[in-house]
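Before I ask anything, here is the structure I am working with.
Here the chain labels run A, B, C, D and E in written order, and each chain numbers its own residues starting at 1.
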Amino acid sequence: MIIGLEEYLALGALLFSLGFYIALSKKNAVGVLMGVELMLNAVNLTLIAFSRFSTSDITLSTQVFVIFIIAVAAAEVAVGLALILVVYRNRQTINVDRTTLLKG
Amino acid sequence: MSGFDLAVVLGAWYDFRDLNNLSRLITEWIADWGPDWLSSIVTGLLGSLGILAVIGPTLLVLIWVERKVIARFQQRYGPNRVGPKGLLQPVADAIKLILKEQLAPRAADKLIFFLPPVLIFVPGLLIWGVLPFGPRMSVADLNVGVLFLLAVSGTGVLVLFMAGWSSNNKYALFGAMRAVAMSISYEVPMVLALLTLVVFSGTMSVNGIVEWQQQEDVIFILLFPLSAIAFFFAASAELNRTPADISEAESEIVAGYHTEYSGMRFGLFYAVELGNTLVISAFIATFFLGGWWLWGLDQWVPSWIILLAKTGAVYFLLIWTRGTLPRLRIDQLMSFCWKALVPATLIFVAVAAVERTLLVTQGWDTTIALPIMAVINIALTLGAVMLFARLARSERLRRPARTTLVRDRVGGLAAAREVASQAGGGD
Amino acid sequence: MTSADDTRSALSGTIETLAGDGSEPVVVNLGPQHPSTHGVFRLKVTLDGEIVQDAEMRIGYLHRSMEKLAEERTYTQNIPFTDRIDYLAAMSNNLAYCLAAEELLGVEVPPRGQAIRVLFAELQRVASHAMANGTFINDCGAWHTPLFYMFRDRERVLDMFEMTCGARLTTNYMRIGGVAFDLPDELLPTLRSFLDDMPDRIASYEDLLMENEILHARARGIGVISPEMAINSSLSGPILRATGVPWDLRKANPYCGYENYEFDIPVGEQGDCFDRFLVRMAEVKQSLRILNQLIDNIPDGPWLADVPLHARPPEGEAYARVESPRGELGFYLVSDGSPAPYRFHCRPPSLINLSALKEMSIGGTLADAIVTLGSIDIVVGEIDR
Amino acid sequence: MTAQLDPAAAAEVVNARHENAGCVDAGVLFIEAAQLVEAVEALRDDEATDLIFLCNLTAVDRERHFELVYHLQSLDLNHILQLKVIVTDREDPAVPSLTGVFHGAHLQEREVFDLFGIRFDGHPDLRRLFLWDGFPGYPLRKDFLQMPGQVRAGLPGFPHEGEQNAWPVPGSVPQRPLHPNDPQSSGIAVSEDEPAEADA
Amino acid sequence: MSSFGFHLAFWLLAAMTVGGASMIIVSRNLIHAVIYLVISMLGVAGLYLTLSADFIAVVQVLIYVGAISVLMLFAIMLTPRAERNNTETSLKLPAAAVMVLILTATVFVALDTDWGAVRQAALADQARLIGQSLIREYVLPFEIGAVLLTAALVGAIALARHDDEDAAIHAQSLQAEADGTAEDVALLTDPPLVEVEADAGAGEDGGS
């Protein structure tokens, strides 16, 4: 068996769906954030795989794109965790089930 | 250099000045009979074994050196009982630590508690991989070596956190939180200080930076003294050495994150800490003092001896600060990092970029331009340090602390007021 | 999930509570075994992040009930107890107790005995302040270097003690009516060379420490107490003088002929930890001054008044006090005419100086509380007795 | 030289604040327990006495009564005054606390409470200082001749030396091996009090 | 791409990545979950290396392992009274169903599409090339990214900063809101000290 683009893509898909499940199902807000990070990583992995195997002229663009994704992920985590802190401060919980602010 | 033909030695597998020869030989030899994957595994294993073989004994000697030097600072003899001049003391300590009972708190998170003493070795050893002992003498000459160094040293803090959290001890947790906060903060000036070099030399390879210094006949501490100072301080903060050893501040939180580790588990932490000190000294020597290169002396003396000498000098400096200075408080360290080191290194990144651009676009002669830039940068550094010294002293600290000698006026509040008014008037 | 895991999470739930705003405070025990509590002393600090919200001390780990034990021993037999009250300044404790007993008995100490008492009390002050300053810098985080420097001087003082009375820490040297032995011949030359060396030593310590920026940053403005508050809290010794109050019992209530020696009272300005350190440094210099005046003027004659070992003082009471290195050390003795004291009470400066510890440390960080505790210079033997 | 403040002059100051609060007997100023705080406050605030420094606070068990001894000092005028308070109730001795007047009385009053069992009314934090909560008896009283109960001073042995933990702290172990000198099978139970450091 | 070493590396790293991610689902302790996340991220970094993207791999380690996971641990530590468990909500089953759907669809697409020719050699000296393209073609996104990061930094600080006035207002509003649930209010206004429960831990502290 030759490991090529398909295997990486399948791995990326698996990672993405795992992240998706975590993001949807976890009670804890930090857990949700972890799922989101996993999904972003899966996307990055896919992009890098394309950049490695594709013959077209997208090699560098995808890598640069991945760098932007990582930067945005860092920003997202910082803001997300700050939000979690604020939610915790006001509600004494970071359980996403119980932070139903809009329900009143 | 009479009849001895250097050319015979050059390129031979036993010429360890070029580790590529050896690895090429092994690769070719294994390719004759075995699969191709074996060669990479074997060379990798040999490389890591080589690192261990070098740093293991070095650490044992270093423990002795550090204790002896500190003892001399403190007017003591230091270890002098076990072996000649006490040289075997570290061995005796190691045996003692191995024989000691290994305690684990009942409420500790068992798995995470047992892992850190082992895991701490991973970043500790990986860093050695990119250290060039000579022109071609590094286990892995990555072209992103500088970034690799920062990334790997950044992961160590996670292990410290695991150790502190899993111990289920407040001192340990305090130590871990302080270590994490410090490490995250001081990574920024560290990155910025190295960015100066990367911008100016145009390479991210560690060996490339040394070669640049060799090529331009200049060491970076002359060109960017402030980066060197910032890197030195940030490194000593990351290494938990005084004046920034708050994460294991003995007088406050006992031993910080490794409070609950006893026996050889503590010994492993200690060994890695010492090893990290050594490797960071080596990197400071490499980045700022020219590494294995010393104005042509490297043609005559083996390069790794030069590196070792420079490392020793930096290491001595680290011991010196440790033996001399009190410890800063965590808020003082944080504000020093964010209010002093980060802006200063940031400015120097800009300075480096401007100078590099001038150098490239104007096509100046580097033999003339570099000394001028060095003088400018040294002046800038001095200015920055003096500015900081002026700004950092609060109003409270600017007044001299002093005592007044009272001869005859004994008494309470009235006498105190009288003495204070006399002292104030006497000024 | 097993029950062990439940225990674990229940425990971790309490211990993970650290730092941050809106979080609950965490209680940290400093001691009874802790590198910076200088003995078995326990400080329970309640922290919000690194900020001290409450500090409560728990003492008694070294309590030996000396006051009860002393009621069953004769006045002379009680002197060794006083060594063990403040084991870093045994001479001062001997002296204070003997003064109280002499007041009860109405004994007059011969001049030579008085001079020797002053000599050893001042040497003890040098030794004790060396220890206090060394450990204080250690608590500020220096890696033992200043401590070892100061130990060097203390060692020479202890050598002189050993030369005179055979003991280094628990000297048991003073007696009711004087001192136990005459000075040995080799003491004065040793003392002279010590006095010759000390000014240089002190100058080098001042070079090392006085302008140390980190020390300033750590100790100045920390643990501040106002003179009013200090007096109201019954603080005494260098802590009181650091607030600017020139109160020294050697001048205010001279004993053993202190009025014959020329010395000054160093007082601080801010009342912070650094001022206490400075005052101790300056006091060492003043002690050396006294010793310099003393060394050539020790009168001849007997060194011990004739007091029976089983002295029976008349009924009455006496409160005598000295300026020990830590502050006002007083002994309150009540006699009922028997050979043993009816009541033996020690006013321990270390304990009473801790009165304001809570007020001094609240609002600062944990590291500040440690520095403050170090600057108070406690001796747990004296706190607990 | 620190002068002794004339007790009669001090008594005048005290009585000026409150009638019959203090009297002088044999050269010692005695204060009524009920008026102690007022009296000391008067002595502290009066400019002639100016006794702003509480040197020493202790008690003496006179067998029939307790005698509380206070030494007050004026720093500026450099005189010292000894004053005493008599407490006759041996079962539940109590005096008002001086913590409101002198912050320095805090620890000294706790010490006296610990060792003599004299209660200081109004003390904000009156707990035992040296001994653990639940220690039976007050050691410095003259009638405290031996440790009551099975509690003995010192360690009879090291933990794990015998079959059971021999630590003498009540509550920490159910029973301690009987010492030969102990009253044999006297049936005196070990104090059931919680160990002092329960909240440690 | 057929050598055994490459196969070994790929499968090991894939197992590490997927295993770490799965353990996040299984693990009941939030701190353990973060550590499994770190393992997964390290696996992804290794996969980048097998794809010859060394720069990206190092950046992955630097940012995800060195920064983001530590940030998450910090956030967990700063929320002391929040629950530490990592259980699923009631949406568990629907989420699993959707996950399986996505997985089949994407894997089908990945395996069934003809991705065309495969390039054999990897790019050399990527760091330099990336750096150059960042300040040439992609200079505008680069600048926007910088602005974004600054904004995120400022925003995070503004959010996480504890203003005492704010706190008072929050407490009031919460009090009003939680009228009737006196327990919660008491919990908030009078935080219990941790003394009693900390007994066992404290004993060990003291004995160290």
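Here, a contact is a pair of C-beta atoms (placed from the backbone, for glycine too) under 8 Å apart; a residue touches a chain by one contact, two chains touch by 3 or more.
Nothing here was measured: the structure is a model prediction, and the numbers come from that model.
This structure's chain pair with the greatest number of C-beta contacts is A-E.
When each chain is reduced to the average of its Cα atoms, D sits farthest from chain E.
When chain centres are set by their Cα atoms, the one at the greatest distance from chain C is A.
Chain B has the Cα centre that lies closest to the mean of all protein Cα atoms in view. Our note on geometry: chain B versus chain D, Cα centroid distance of 57 Å, whole angstroms. If you average the CA atoms of chain C and of chain D, the two centres end up 23 Å from each other. Inter-chain centre distance (chain D to chain E, centres taken as mean C-alpha positions): 60 Å. Under the contact definition stated at the top, the residues of chain C that touch 2 or more other chains are 11-12, 15-16, 18-22, 26, 28-29, 34, 231, 245, 247, 252. Annotation for chain B: residues 107, 109, 165, 168-171, 177, 254, 410-413, 415 touch two or more other chains. Within chain D, the positions touching two or more other chains are listed as 52-53, 75, 78, 200.
Chain D makes touch with chain B in their complex at residues 50, 52-53, 74-76, 78.
Touching chain D in their complex are the following residues of chain C: 29, 44, 58-60, 63, 65, 67-68, 229, 231-235, 245, 247, 252-254, 317, 319, 321, 328, 330, 332, 334, 342-343, 345, 347, 351-352, 354-356, 384.
Remark: chain E residues 3-6, 8, 29, 31-32, 35, 38, 54-55, 58-59, 61-62, 65-67, 69-70, 73-74, 77, 125, 127, 198, 200-202, 204-205, 208 touch chain B in the complex. Residues of chain B touching chain C in their complex: 70, 73-76, 107, 109, 165, 168-171, 173-174, 177, 242-243, 245-246, 249-254, 322-332, 396-397, 401-413, 415-416, 419-420, 423. By the touch criterion stated above, chain B contacts chain D in their complex at residues 410-415.
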